[in-house]
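Take a look at the structure set out below.
By written order: A, B, C and D. Residues from 1 in each chain.
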Amino acid sequence: MYEKEKDLVNAYMRGQMSRRSLLRSLSALGVTAASASVLVNAAATQALAADFDWKKHNGKSIKLLLNKHPYTDAMIANLDNFKQLTGMEVSYDIFPEDVYFDKVTAALSSGSSEYDAFMTGAYMTWTYGPAGWIVDHNEWINDTSKTNPNYNWSDMLEGVRKSCAWNGKPGGELGSADAKQWCIPWGYEQNNLAFNASMLEKAQASLPTNLDELIETAAKLQAGNDGVYGIGVRGSRSWATIHPGFLSAYANLGEHDLNVSDDGKLSAAMNTAGSKDFHAKWVKMIQESGAADWSTHTWYQVGTDLGAGKSAMIYDADILGYFMNGGDNAMAGQLAYAPFAASGNGAPTPNIWIWSLAMSKFSKDLDATWYFMQWASGPEHGLFGATKMDFVNPVRSSVWEDAGFRDRLANSYPGYVEMHDVSAPGASIKFTAQPLFFDLTTEWAATLQKMVANEVPVDEGLDQLATSVDRQLKEAGLG
Amino acid sequence: MHHYSPLERVLRGVALTAIVIFFMFPIFWIVLMSLQTNETILRSPPSMVFEPTFSNYAAIIAGRLDSNVASMGIEFMNNLMNSIILSVGSVTVALILGVPAAYAFARHKFRGSEDIAFTLLSFRFAPPLLVLLPLTMYFQQIGLADTYLGLIWVYQLICLPLILWIVRGYFEDIPQDIEHAYRIAGHSWFATFRKIALPLAGPGIAAAALLAFIFAWNNFIFALVLASADKQPVTVGALAFVTASGIQYGQIAAAVVLSITPTLALALYAQRYLVEGLSLGAVKG
Amino acid sequence: MANDTAVRVAPARFRIPSKLFPYLLSLPALLVCIGILIPFFTAVWFSLQRYRLSQPWNRGMNWGENYLNFLTDPSFWNTLQVSLVYAALTVGLELLLGLGIALLLQKRTRFNNFISIMLLLPLMTAPALAALMFKLMTNPNFGILSYFAQVLGFENMRWGSDPSTALLTVVLVDIWVYTPFIMILLLAGLRSLPTQPFEAAALDGVPRLQQFWRITLPMLLPYILTASLFRLLDSIQQFDIIYAMTQGGPGDRLMVFQVEAYLNFFQSTNVGRSAALLLILWAITFFLSNLFIKNWLRLRERARGEA
Amino acid sequence: MSYLTLAGVNKIYGKVVHAVKDLDLSIDKGEIIALLGSSGCGKTSTLRMIAGFESVTGGSISLDGKQIDTLPPAKRGVAMAFEGYSLYPPLTIYENIAFALKGSRLASSDVDKRVREVAHLVEIEDILDRYPSSVSGGQQQRVSLARALIRDADLHLLDEPMGQLEPQLRALLRGRVKHFIQERGLTAILVTHDQTEANALADRIAVMEDGELQQFDTPRALKNRPANLFTGTFIGEPPMNVFPAQTRLQDDRVHFLLEDDVALDFDRASFSDAVVERLDRGTEVTIGIRPDAVNLDSNGKPAKVFVNQWLGDQTHIAAEFAGGSIVSVEHQRLALTEGEIIGITIAAQDLHIFESSGGRAISHGGQLNER
């Protein structure tokens, strides 16, 4: 860094200068806004160094296994600062999502020490944790000698933080007192509505406030816009079809995936009357207003269609709608956002997906790896990613409180901030934590596909599903 | 002398045209797609009139890929290189191991030779995952994970039986008298193998090597399960590419075209050996 | 020169008994393959265990239980059925089509040879990539096949994403890739048939259909048998096309053995079930490949005997 | 009008090989003719053109008044026994024979009757249920023959139909087959390189050499009146003795001067005037004498014996004569030793005279060759 810039930044850090005037002064020196904030961030991390020995693991190197994702991009863009701060070397492998988790499973199940930390979802830790492939991060979070005092763990949104902690008992409540922190939240996704405002207007439709209205609105949007289908939701034969809008609405209606008895036994809960009613409506919605090739839709297709103007609305991850409103998408700038509660009363309770970071038990140097973990999930990087890169949705309340971040969202993403604020309190994982999560949820998706294709009536399909789920639970000693 | 009635001639012509269209059209269409931007690809109805662009190829070769979700460096050329390393490496190893063994099986009916040959052959027919899944665990322990060597070893499952099988048949077709005559002239056993048997079986070895190369190149499942990002071949890379690139359909098409071009070119260049190898391999031995 | 004084010593080479030669020659190949046998036995061992990676405390031998569970497990029977139907459909259709094309191209003309070489190209396309090509061609937004279907009046043709057409779609890809294989084998067979019996039949005015059923087909039978068994083995183990196209969906429509085993291992981390599934598949293919190799050996013997 | 006519038929393979040259051949209905020649003479090509397996490069073929050379084989009404048998491997012997009738609309009982009849004819009744690969070459050949004979064809082509048979069986079948053909009034063309077979079966024989028809005549005429030197030497066993000679007419005698100053002279009256006139014009000729016409007479011209072979029913004697060798056939055993000098005489009526260039026949037994 050149001396002049350094002085300016340090002045800012000491509170002698407003952010705005700093940026102005820097731009006078020929520094663009983006690199200016990298500078600021770098200075900020340097400032941290005063209170904590960041150089403790100087010269060590770690390797990461990463999914292809905007969060990854944001982290990599800022990675040089970490290297500078700690003197550590970081390398990584990036895989696209289709094969990413298979790669994680392959690496961990073989006990590979190649990767020290990796990206994961909370659901995955229900496998990795009991399998003994990952560590309980509480051990590091609570160790003041290993964790930077400014890390501020309690700054993490509570619902998100708790959703990443589980005591390992099948059916055990997430975030309970005896829970182990299997992973560190990084960024998360609520499931709400993103819609094409002009299509809504053209169809003279209004925003739905409950499930029946959602179905009506979807049909109306489809009828009122040529060559457009009403609502985009996921449909591929994967657990990922269940967890976004589908489960959010399901849970909001008070339905559960599994029952947990007092003695800790699990049993299927998908064949209640309420569940059957919900499934019937959901199936009808897809049949009437869903994508023609719904059954192959992963989040890529759901997002792409909205961005390309092929669909009028999605009930899926909020960040998907966020991304579709920018870049070279045909519909960029025309999208808007709204929270959604299927029951029609009370606040939305979206199920969430949490991109997290976890340390591999097979890592040869967990303490050094933890340095990366706390940096990547720390408030500084969070703010950098959220304001300068597409690191939505941040998991720290301090970032959500940042006016710059809120303004930026409010300006270009109408309704986004409100949507988040309204649903954040109820946002958490609505699944029952248990090791058969992927088997059972994938089978659920497959059953849904059959129902949409009219291969099996909803009632019958759910009864079959419940039978099968119970059988598998029993087989695994859980039921 | 064949005689076809006019009606028959017309019917044959129609049938052949339909067949050629069915088998050639997908390749043709993908090539067309690879030369278009998303804008022209997404036109409805599809049209063959467009201004060709090589930007998709340029993006892939440059390794930079922008989509609406993210931009990422795509290691596609690296994947291509991996395919070359894996295929050439596997075929070379399979030739070194397989040709002498094929000769042994062809020339010496030693005890258990049929059983051993049968065992080697049956590897060709075992479900690949049966071996691959446990291997993911072992590879780590023996340090073969994430190495070309490990993959090339596993690729022997496809290459070795093929080479053994075709080359053995070829050796068996060489009259033994020629070799005997050479040996009686005072040449060593090894010289006979090298100077007489090998050259005579040359076309068979070429055919087998060619086929083995193509099978290795086209393999998907081995690399999907065992290869890490920097060792994976194009077949796996191209699939990953689909999800990674979002809706850059032209680039997907260009990636597919780049991935299949080497085998197609090889097939056209050496079709005589290929046809021979295929029909020998399956029927004659 | 320095070695002027060197005494020429006849190389006292160690002589390997010639009986050992064949063993020595085949040993390296054998060793390489035997290394691969170890994971095979590991798989057998796994298949006899209750073994989920996510429940290490639960792991233990349960002997035949994984297999016994299949008896009452509808998804297993679905897998078996889908695999068999897929194999039967692809092999059957490819055989018919391949035979038809081979008959059309039987005459050795420059034109026919050119066509048969061109028809080989799909075979040179990796099946996974072929699936990708068809995925692009059946995309509802711009896919050319979707467009054709629409023009032909199938407005709602959804190809791989509709359970009623998903099987058809992957079978179509399989046919596209592998028909040339059968074609080239049968063409080789047809062209190696003696011409004289057909001259005799032509001269005697034997109707073409009679010639085909009574003479051509029986004489071609060894080739047909070999080609179809070979394809059957590959087809029942199909993975690439289905995995790349739909990953086994929609529903359980395309859950063939290897796809299900793959998902069982990587997604459910149910190693025991995955291994048991694969071993059943192995048993099926072992039976078929035995049949195949025996047939092949017999043919070879006969070819040698007549020559 | 003749039944089968080949008019100016040519066959050229790939612009280079001229296999059949300007072949004219006319065959009457009910006739059995043989195409005789050494291998490569064009006889099989001719047969295949008639059958329709080869196209005609030039000329035309007509059968029973209609031109057939552009018709597909099935439309020509021709049956054929193939040299390579060309049986159908997947069918039994019975089915092989019956298969030839698939083109006809015969009831299966009629087919059965005919198969058994023809199987009896060629002595293969005992192998009807077996497959071609399990019977001997001779049996396969008879199946092929049976398959040709069973058809009601306008023309039967028999390509070396008995080459693989044992001599006794061959003799037996020749008689039966000839009878079978004649009895039904069939027309047949036999291709063979075996004179005996041609003589035994054929009404007329077409001798071919180098793609050209040399002579088409009855067996007797071929032997007695060969049209040229080729036929003369090709027909007959042992072959005709030939010597180059110069003729000289002197007084009332005709002299033939052979090499080594051997001179044969005959009374002028032994030759017709036309022959004498012809001999007067050109003096270079080739004379031919069949071995059985060579007489041993101690007053004859001297010859030195170098082979004396008793074949059980006749003796072949070869002797050095006129700068070459001469073979004589005698019907009793003679006690001649190697090196012994014998005398040879030749009668004028046994003398065949050919032009020395081209080999066309001038006269046979003193009479001018009319063709």
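The rule is simple: a contact is a pair of C-beta atoms (placed from the backbone, for glycine too) under 8 Å apart; a residue touches a chain by one contact, two chains touch by 3 or more.
Source: prediction; values computed, not measured.
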Contact-graph separation of chain B and chain C, given in steps at minimum: 1
Going by average Cα coordinates, which chain is farthest removed from chain D? A
For chain B versus chain D, what separation do you get between their C-alpha means, in angstrom? 61
Could you work out how far the Cα centre of chain A sits from that of chain B, in whole Å? 40
Residues of chain D that touch two or more other chains: which are they? 52-53, 72-73
Please output the residue numbers of chain C that touch at least 2 other chains, ranges allowed. 139, 141, 265
Indicate the residues of chain A shared as contacts by at least two other chains. 102, 106, 109, 308
In the complex, go through chain A and note every residue touching chain C. 101-102, 105-106, 109, 126-128, 130-132, 235-239, 291-296, 308, 310, 435-436, 438-439, 442-443, 446-447, 449-450, 453, 455, 464, 468, 471, 475-477
Interface residues, chain C side, partner chain D - complex: 194, 196-197, 199-207, 210, 214-215, 218-219, 306
Applying the document's contact rule, which stretches of chain D touch chain C when the two form their complex? 51-53, 72-76, 78-80, 82, 84-91, 95, 99-104, 133, 147, 151
Which residues of chain B touch chain A once you look at their complex with the stated criterion? 42, 68-72, 136-137, 139-141, 145-146, 224-225, 228-230, 236, 239-244, 246-247
Under the definition above, what is the set of chain A residues touching chain B in their complex? 68-70, 73, 93-99, 102-103, 106, 109-112, 114, 298, 300, 303-304, 307-308, 323-324, 327-329
